[in-house]
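Chains: A, B, C and D, in written order; residue numbering restarts at 1 for each.
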Amino acid sequence: MNIIAFYGSIRDKGNSEKLADIALQNLAVTKIFLKDYHIDPISTHHHENDDYQKLIRKQVLADIVLFVTPVYWYGMSSLLKLYIDRWSETLRDPSMPNFRERMRAKEVHLITVGGDEPYIKALPIVQQTQFICDFLQMKFAGYIIGKGDKIGDVLTDKNALNSAAHLNHYFKDLINS
Amino acid sequence: MNIIAFYGSIRDKGNSEKLADIALQNLAVTKIFLKDYHIDPISTHHHENDDYQKLIRKQVLADIVLFVTPVYWYGMSSLLKLYIDRWSETLRDPSMPNFRERMRAKEVHLITVGGDEPYIKALPIVQQTQFICDFLQMKFAGYIIGKGDKIGDVLTDKNALNSAAHLNHYFKDLINS
Amino acid sequence: MNIIAFYGSIRDKGNSEKLADIALQNLAVTKIFLKDYHIDPISTHHHENDDYQKLIRKQVLADIVLFVTPVYWYGMSSLLKLYIDRWSETLRDPSMPNFRERMRAKEVHLITVGGDEPYIKALPIVQQTQFICDFLQMKFAGYIIGKGDKIGDVLTDKNALNSAAHLNHYFKDLINS
Amino acid sequence: MNIIAFYGSIRDKGNSEKLADIALQNLAVTKIFLKDYHIDPISTHHHENDDYQKLIRKQVLADIVLFVTPVYWYGMSSLLKLYIDRWSETLRDPSMPNFRERMRAKEVHLITVGGDEPYIKALPIVQQTQFICDFLQMKFAGYIIGKGDKIGDVLTDKNALNSAAHLNHYFKDLINS
């Protein structure tokens, strides 16, 4: 059982990361902080020197994909969206002919934290993630929405903390089964 | 009456652009094809040499903002999201202290085209746009969803074409009033 | 090609009906004005004397099901919801063992009119209808949202009128093909 | 601090009720099981002999309104929708001229349980509830979605149970403050 987590925040130790820390406690996880990588926007041209290929090759090895993103303007962060948009390239990439098949078996989770009524206003991200999963026949296994604006705020959202602790148990049970 | 249109597609003459062409026919519009600009992801660091400042300064001069984006992975394109995420920077930018006030008066429209059940699966983009407008107290005046995958497909979506023609009339009436 | 239309309004000649009139012009349609029937809420008890059985037996004979409902409190009207909730009963009804199979082939359309920002605030009805169709493997072929509050208002919503005229053409093409 | 809970299920001791039991443990609550009342559909005619007036007069006395409903066909139950649709009547009722003002101060919570991917497919109910609250300027303070089909299923949805326990603490804190 192999977990990869993609972090979309531009901050270190921001709220979404802190909530994910609880969900991932004491687990071996491949953590990708997208702010530390360079990913070009998808284009009709060829990409050669960015970090996308390295990351997508790690992703296909995982069983579980966790997206961790702050709510930026009521969507996933552009760092994360840049990465996902490039999947279209991989779907046509002859060097990875089985991308669709390899994604199909995966379980996807989402952790997102926003400052402005996130329980309502992050729902477009949830629905988008469902549609992404449907497209690749992945299983959207769950999402956690937390509330927080300033760094650390989310640690006062007890409901989100409970859900993250619950997800941590879930992951551990999966690994031990 | 001053219209600025932001295009999020990576293609020339793609479906969302073609649908917008109908809506903008015979109108003087500032057209920003985001693929022709370089916009860094928002970060905690300073940006100096990209095109964002130039674009946001054009945006605040407009009365109407039109977002034209293909549905990429059930969200707006990352090119467009990159641009919008940077608004957070402008909200804190002492060189543009009245950004919020200047946006408040504006009317926002959305044109989006997708290949996979867009009338349902583009709705998260619509809801996100509503929340963006609410945050800045802009008026989300309308959206058009078109269906199309290969270049030119959208020209067979008669309902979308009608709506675009209708929007063209609406813009012309506004300008003449 | 056999169309059945269910009307959820409590009014005669209300906005949703007027919009549907355009979509159904010159077509033979079985029109069910739910306000003229008595349908008990679904319950754990047996229903004997209401009109539900009569209506559901008409529905399964149709190829196309059109729901016409005002937006009441941001949902379909309770008259319509009363009717749909009873489908759960039919799913277990030994006297109609093939309900699921008979619904599967059908095409569903939705026409809904609301007074308060319906283009955004009627979207939960659209999403609900999609899920209903998914459950019974029906095809949710399209929806029209109109704006109107007082009787006749919708006749000034040109975009909705265009869409209704377009749907009328679509139905006629289906019937002739 | 005065809580009123409206239950939309047709069953006794169904999943949504069980989840609400946890949220309401050891609290004095006015519980309205809508299946035990008769509420006519809203109509253009006068209603005289049903239970609506009795219930709405209790509602305006409460500080907190909790809706407890199973997900029926991806919406709130028709029993609950029947009741809410009648609010339109009260908005025009000269015998309760201050309905809007009295509702404005209230806090609304939603507990809903469904069997078919409720974390995604109950979201239209959540969004509808938000719009209802916006219309009357009530505060939509939170929602809990549980998963369950057969009676008792929800008691295995640990995340929902945690959220319900959390809501119970929240209510108790409110009452003691």
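A few points about this structure:
Please note the rule applied: contacts are C-beta pairs under 8 Å (C-beta built on N, C-alpha and C of every residue); 3 or more make two chains touch, one makes a residue touch a chain.
Values in this document were obtained by computation on a predicted structure and should not be read as measured data.
Shared contact partners of subunit B and subunit C do not exist in this assembly.
Taken together, subunit C and subunit D share no touching chain. Both subunit A and subunit B derive from one sequence, and where they touch, over half of the residue numbers involved are common to the two copies.
The geometric centre of subunit A is 33 Å away from that of subunit D, both derived from CA atoms. If you average the Cα atoms of subunit A and of subunit B, the two centres end up 26 Å apart.
Between subunit A and subunit C, the centres computed from C-alpha atoms are 38 Å apart. Shared interface positions of subunit A, i.e. residues touching 2 or more other chains, are given as 123, 127. Contacting chain pairs in the structure are A-B, A-D, B-C, C-D. Residue ranges on subunit C touching subunit B, taken from their complex, read 119-120, 123, 126-127, 130, 140, 142-143, 158-159, 162-163, 166. Across the interface of their complex, subunit D is touched by residues 10-11, 35, 41-44, 72-79, 81-82, 84-85, 87-88, 116, 121, 123-125, 127-128, 131-132, 135 of subunit C.
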